[in-house]
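Pasting a structure here, questions to come.
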C-alpha cells in the first residue's frame, strides 16, 4: 500500500536531498519593507503548489529538471517585524549553501532579500558582477528614512560591489536623482533589454549573480506584484534574456523576487513565476 | 545550519510517521461527478497551507494536536475521468489504514469519495452506523443516469448498511421522493441538528463513521462549496455537534468533504474547514 | 437526436408559455439611480444561470415548482440613462400581466423599479397594501435632487397608497427624518421581523404586494448588493417570514430586488436570491 | 406588448432555427479529465452571456453575423463522471449535424471533447486534415494511465488520421518524448505561428477541421484557462491566423476550447473567447 | 462654481478642524508583524471611501455624527520595516491628542498598534482599565522571538496596567498557556460576550480604553482579516455590546483594528468596519 | 506634531490650490449610460489612491509633476439617473476652468462625459480639433433610442465640430454603418496608431482636445473596463503616442475615460490609468 511516506511538497522535480543536490532552491517569505501592496511572503508557497501545472522539460533550453539534482529547502523561518534579523538569517543560509559548494536559486519575498544573498555571494567571489532585471532603479540611499528598503537594495549592493559591477535592464521607474546617479556608477538600460545579449558576452567569464524582479514584466502578463508598472517587457523578452544567459560560464547564484499571490486572482502571475523558476534552475544547473 | 531537511508541508501539528501514528489524515482530490461548480480537488492542499493560521490547541475540547500522533498521508494519486478506478483507490487506502489498526480522517473532494471509505469501514465493522451531516439528502438512486454520484452517496451506503443505521442531520435540499424514501429507511432531521445530542447518546457504544459535508453550514460562513444552499446551520451549531460527538466511544473513521477553494475568495471557508479538521482530529484521537 | 430546438434559458422549472402560465417571472436589468455600487442589472441573468444548483422542490413549503405554471419572460429591454422611460416600460409590462389575469414576480434591478410595478398593481387593486422588507427606509422625498430614486421608492408609493397601507420590516438605516416621518404614515419595525407574523394575520384578506429588498439580510449571508448594511436578519429569518406569508389570501404580485452579482465573488448571494425566487414563486402560485 | 415569448438565450446574432441554419454552434460543458484547474464546463454559458458586449460586425473580415444563418444548439446534456458516455454523445451530435449537411462550431469544455467531433468529421471526410493551435503538444499516449485525456487528444486523432494530416502551431509545452514523436508524425511549429500562412496555402483545397485551444494565447491576454502557459502568442497573432484561414476552401467544422470562467475574474478571457467565436463563425459561414 | 477647494477625504461627517474637534479619528497603516495575511495597512483608506455607503445617523443610538465635532487626521506617516519607530510615532500622536484635551478613535492596522495608544492613555490616566474584544488572547510573551507582536499586545499592556485592569471578551483562540495565564491576571470570557453588560456596570465610573479587534466577529460576516477564526460573534452581538458601552462614563479613547481589505472581495467586511467606526465615534462623542 | 490639518487626498504631486494652478485635474463619477458593465464611477477615486504606487518623475518625458502646478478638484457632485443634468454640470465646470485661463485633464467615468467637456472647449476655441483614441467608433446616431450615449459621443461632437476636425485611432469595433460614415466625415485609422505621429505634425499648431478611451488598450493590459475588446494596442504603443503628442503646441484640454475598478481585481488596469494620467498631466503642463 502506498502513501506511507510523509507528504513532501516541493517545486516540481526538485526532490533530491541536500547532500545529493548541486543546486538549492529556497523561499524567503518576507515583505516587511514593502511600501505599497504586501503579499510576496506567500510567493514560494504558491509557486510550489502551482508548479504542478508545469512540465519539467523546457522546449526553450531543451533540458529537463529531472536531469538536475535540486534540493528544495522550503521557506526560511523568519521573525515578523524585525528586518535586521531577517537579513542575517538569509545571509547565513545563503553563505552556508555556497560554502557547501552548491549554487542556489532564492525566491522572494520582496527585493530587499537579495541584499543578503548577494552579500553572501560577494563574500565568496570578490569579483562578483550583478545582473539586475527590474522595472525600478532600486538606487535610493534610503526610503522614508530607512536604509534597509526594497527601494534601495541595489544602492546597498553598490556599497560593496562598487562601480562597473552592476548591470541594470528594463528600468522604467525611479527618481530623477536615481537615473542621474546610475549614469556614474552602473550600466543601466532604460525600458528594455536590447543590449542584454551583448553584455552577456562581456560577462561570460566572470562570477555573476542574477537578480530578477518580476515586475520588469508588463502588468499585462504579471499583475501579481506589489507595485505594477505598466509598459514592461513581454514574457518572451524575458525568455530571450534567459536564453542569452546561457553564455555565462560562472553564474554562482540567482534570485526571482516580487510575486505577490494575493494580487494574482487568475493565477497567471504565479504561472509566470513557476516557469521562470524552472528556466532559471535549468540555467544554473546546466 | 538549518533547512537541510526536505520541506515537509503537513496540516499543522500532524508530523508523525505512519508507523508512530494512531490516526491518519489524507486528502482525496476528486470532483469528477460534481454537477454544479467543481474545485473540491484543491481542498486538502488549501487546508494544509492555511492551517498555519490556526493554533494546535482547541479551547473547545481543551486538547492539543501536539498530544496526538497524527500522520498526514498527503493526497491520493488519482486518474482523471475514471470514477470507478478512483473509488477503488480510496477503498484500498482506507482499508489499509484500518487493517493497520489506525483510524483515519479523510478530506474530500466531493461527497462521492465517502462511499469508498465508508465501505472500507463497514468491511471491518459489520454493525457500522453512519452519522451524516449535510444540506442535501444524497439519497437519489442515480443522477442523470449515473449511480456513482455525489447525489446518491448515502443511498449507495444504504445498500450495504441497511435500514436503521443511517442518521442524517441538517438536511434542507432534495427531491420530494428522497425525503419520502428517508422516512422509511433512515433517521433524518430536516434543517437543523436539534436532536443530534440525544442521538449521540443512542450511538454511544456502537461503531460509528461520521461524514460531514460542510455545505450543511450556511453559505454565509461557508460559501466555498460546489452547491451553496442558503439557510444552513451556523459554525457554532457545528462546534456544538462536535462537542456532542465526544459521547461516542467507537468512532472508527470520519471525513470532511466539499470545500471548494476556487469559490472561497476571502479564505473564510478554508478557515472553517481547517478548524473542523482540527476538531475532528482531536475527536478521533481522544 | 436532441438539441434541435433553440436554446431556451429560464429559471429552473419555469418553462411554461405565457398563455399556459398563471404566474409570470421577469427581470428588470436597471441600476440607473444606484448611488453606491452598481451591478443589479445583472441579477436576473445570474439567477437564471445559478438556479441550476437548486431543486424545484421546497422542503419548507412542501411544494414543487413543477406543479405550478410559470412563464419566464426574460429581461425587459430598457434604454440606458433615461429613468422615466424605464419606469414607463416596467409599468406597461406589469399592467399587461395583471390585465391578462396573471400574477407576477419581478426581479430587480435596483429598488426604484418597484415603483412602477406597485403602481400597476394599485391601478387594478385600489385597496392595495404593501409589505416592504428592507434594510433601508427608502422614505426620502428626493435624493440629491432627484425624486425618482431607489432611496425614495416607498415614499413615492405612499403618494398613491396613502397612510396605513405600508408595512415595513427589518429597517436599520435611514435619515432621522425618515424614521420620524414613518411614525406618522407607515407601520415600521426597526431591525427585525418579530411582528411580521401578527401583521400577516391582519392582512390576510386584503390585496397585498410584497417587495423584498434582499439587503435586509445580513451582509454575512448577502454581501452581493449595492449598499451592504451590517446587522441584518439571517436567511432563516427570511424563510420564516415567507412561511408566515402563506396566511395571505390575496397576494397579487411581488418582487425581489438588489442582488448585485459583481459584488458576489463566491456566488453565495446569488444562491440566496435563487432560493428566495423559488420560495416566492411557490408562495404566489399556491 | 413584448416579452410574451420564451426567454431564448443565444450567442449574439445566432437566432436561426436548426432547419434554416447552415451552421450550428453548440457547447460541450465537460471538464472531466482536466488535470489542473477545472471549470471549462461553464465556458459556453459565459460566452453566450458576454457576447452581449460584442458587435455582430467584424471589421477584420468585413462580414456580419446577421448575414449568416447560425443556429445556437445550446449545451449538450452530459452525465457527470462517465467519460466514455460523454464522448459518445458528442460524437452523435456532431455526426448528426454533418449528416444534415451543415457545418458546426463546437465550444468546449476541455480539449478532450475535440476527439469525438474530429472523429465525426473524419467519418464523413476520409481525407480530413487537422489544424491544431495550442500551447500544448497533446500527444501523450496516455495520462496517468488514462487514454481518454485532454493531454492525449491529438495523439488519439493521429490514430485514425495518420501521418501527414496534423498541423500543430504555437506549441510550447510538453514532454521531450512528445516533441520527438511529433518530428516523425505531425507538422509542428514551436512557440509561434510564423509558418501558418504558408501552410494554409497547402491546405487550401482539402477538407480541414480546425481546433483552437485558447491557451495558445499568452496568459497575459488569456489567463482564464486550466493550465496557463506563459510566453504565448498575442491576440493579434490569432486574428492574423484567422485571417489566413480565409484561404481555406473546405473547412468542414471547427472548435474553440479551454476557456475556464472561474479563472477569469476580470472577464477579459471570456471577451477573447467571444470574439474568437464570432470570427470563427464568420470564417465557417463565408 | 464649486470644486475650487482641495479634495478633502474624510470619514463621512468628520469634517471639523482639529481645533474645533473634541474627538479625533486617525488611521495607522501598519501590518509589519502580521504573521499570516498582511493588508491591514489599507484599512482606514478603505473605510473612508466606503463610509459613503453609510448614513451619519444611527437608529441604534439615535444620534447623528453631524452633531459631534470630529476631526479626521488622516493616516499617520510611518516608515516601513522599523517596528520600534512606528510604535513611537503612534505613541506621540496619541499622547498629543490627549494632551490637547480631546478623545480619539484610532483605526488599525494590526493589533500591535494598540500598545502605543493604550500606553499613551495610561500615561494620562494611571487607573486606566482596558476592555478587549477579540477572537485571540494576544497574551503571548513573545512571538517567534519578538516581543513587539500582534500576538503579545495585551500581555505587553499588562506590563504597565497590571492585574485586574484587563477585561477580555469573545476569546476563542490561543495557546493553552495563554488561557492559563489569563486565569491569574485578567478577566476573560471565552467565546461570547454574555457577561459584557454586567462588566460595563462595574466599569461605569473608571477611565476606560476600548480595543476592538474585529476578528472577534464570525468570518461569515467579517472574512476580511488577517487570521479568520470561525465560530465568532454576530454583528448584532457587537452592536449590543456597543449599546452596553453607553453605561460607561469615562471612555478616554478607543480603537478598531484588523480589517484587511485585500481579503474582502465583496466589501462586506469594510461595511462592518465603517459601521463600527460610526457607532464608536457616537459612543465616544456622546 | 503633524496630522493637524484635514486629510487631503489628491493624485500624487497635485497639491496646488486652484488659484496657483495652471492645470486642473478632476473626476466625473458617471456611468449612467453604460450598456454592459458599469463601475467607471469609481475610477478617479481608485486612481487617486493607487497613484501612491507611482513616482512623480517620468523617465519617458524626463519631466516631474513636482515642477508643474496642478490642482486636484476632486470628483464632481452628480445626481443619479438624470443624464441631462449631469451633462450640464460637467459643461459648467469645464467652461469655468477654461474661462479662468487654465487647462484641464478630466478623468471619467464613461465616455459620454467627454461630450460636455469637448463642447466647453469648442465654445472657447471655435477651430478645435479632436484626437480620439479608442477601441470603439462611438459614431452611432443613437443607442437604443437615446442620443446621449457613450456609443454616440463622437457623433454628437461631430454635430458642432463638423467634418475634418476629428481624428480617430485604434478603432476596432462598431457597426458597419459607423465605419462607412467615418469615411465621409472623420479621419479613422483602424486597429492601430501607425499614422498617429504624422497626424500630430499636421495638428501641431491648431487647438486640440485629446480624448483617450483606455479600452483602446488590449484587455491583456487593461481588463478593467466596461466593454473589453481583444486585439488592442500595447501600453508601449500608447506611451509612444503620448510621446508624439509633444509636437502639439495648443493642447487645450484632455480626458482619460472608461477605467472600471470593479473589473480590475489585480489593480493592473488602475496602475495603467494612473501612469496615463501622470503622462497626460506632464503633456498638458509642459
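Going in written order, the chains are labelled A, B, C, D, E and F, and every chain counts its residues from 1.
We adopt the following convention: contacts are C-beta pairs under 8 Å (C-beta built on N, C-alpha and C of every residue); 3 or more make two chains touch, one makes a residue touch a chain.
Remember, predicted model here, so these are calculated numbers, not experimental data.
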item	value
Contacts common to chain A and chain B (chain labels)	D, E
Distance-maximising chain from chain A - centres being C-alpha averages	C
Chain located farthest away, centre of chain E as origin (C-alpha)	D
Inter-chain centre distance, chain D versus chain F - centres from mean C-alpha coordinates, in Å	38
Distance between the centres, which are taken as Cα means, of chain E and chain A, whole angstrom	38
Of all residues in chain E, the ones touching two or more other chains	37, 77, 218, 220-221, 263, 265-266
Interchain contacts, given as pairs of chains that touch	A-B, A-D, A-E, A-F, B-C, B-D, B-E, C-D, C-E, C-F, D-F, E-F
Of chain D, residues touching chain C in the complex	1-10, 15, 17-18, 26, 45, 48-49, 71-77, 92-93, 96, 265
Chain C-facing residues of chain F, complex	31-35, 37-39, 41, 77-83, 85, 112, 143-146, 148-149, 262-263
Residues of chain B defined as touching chain C within the complex	36-37, 171-176, 179, 190-191, 218-221, 223-224, 227-231, 263-266, 269
Of chain E, residues touching chain C in the complex	52-55, 57, 59-60, 62, 64, 218, 220-221, 234-236, 239, 265-268, 271-272, 275
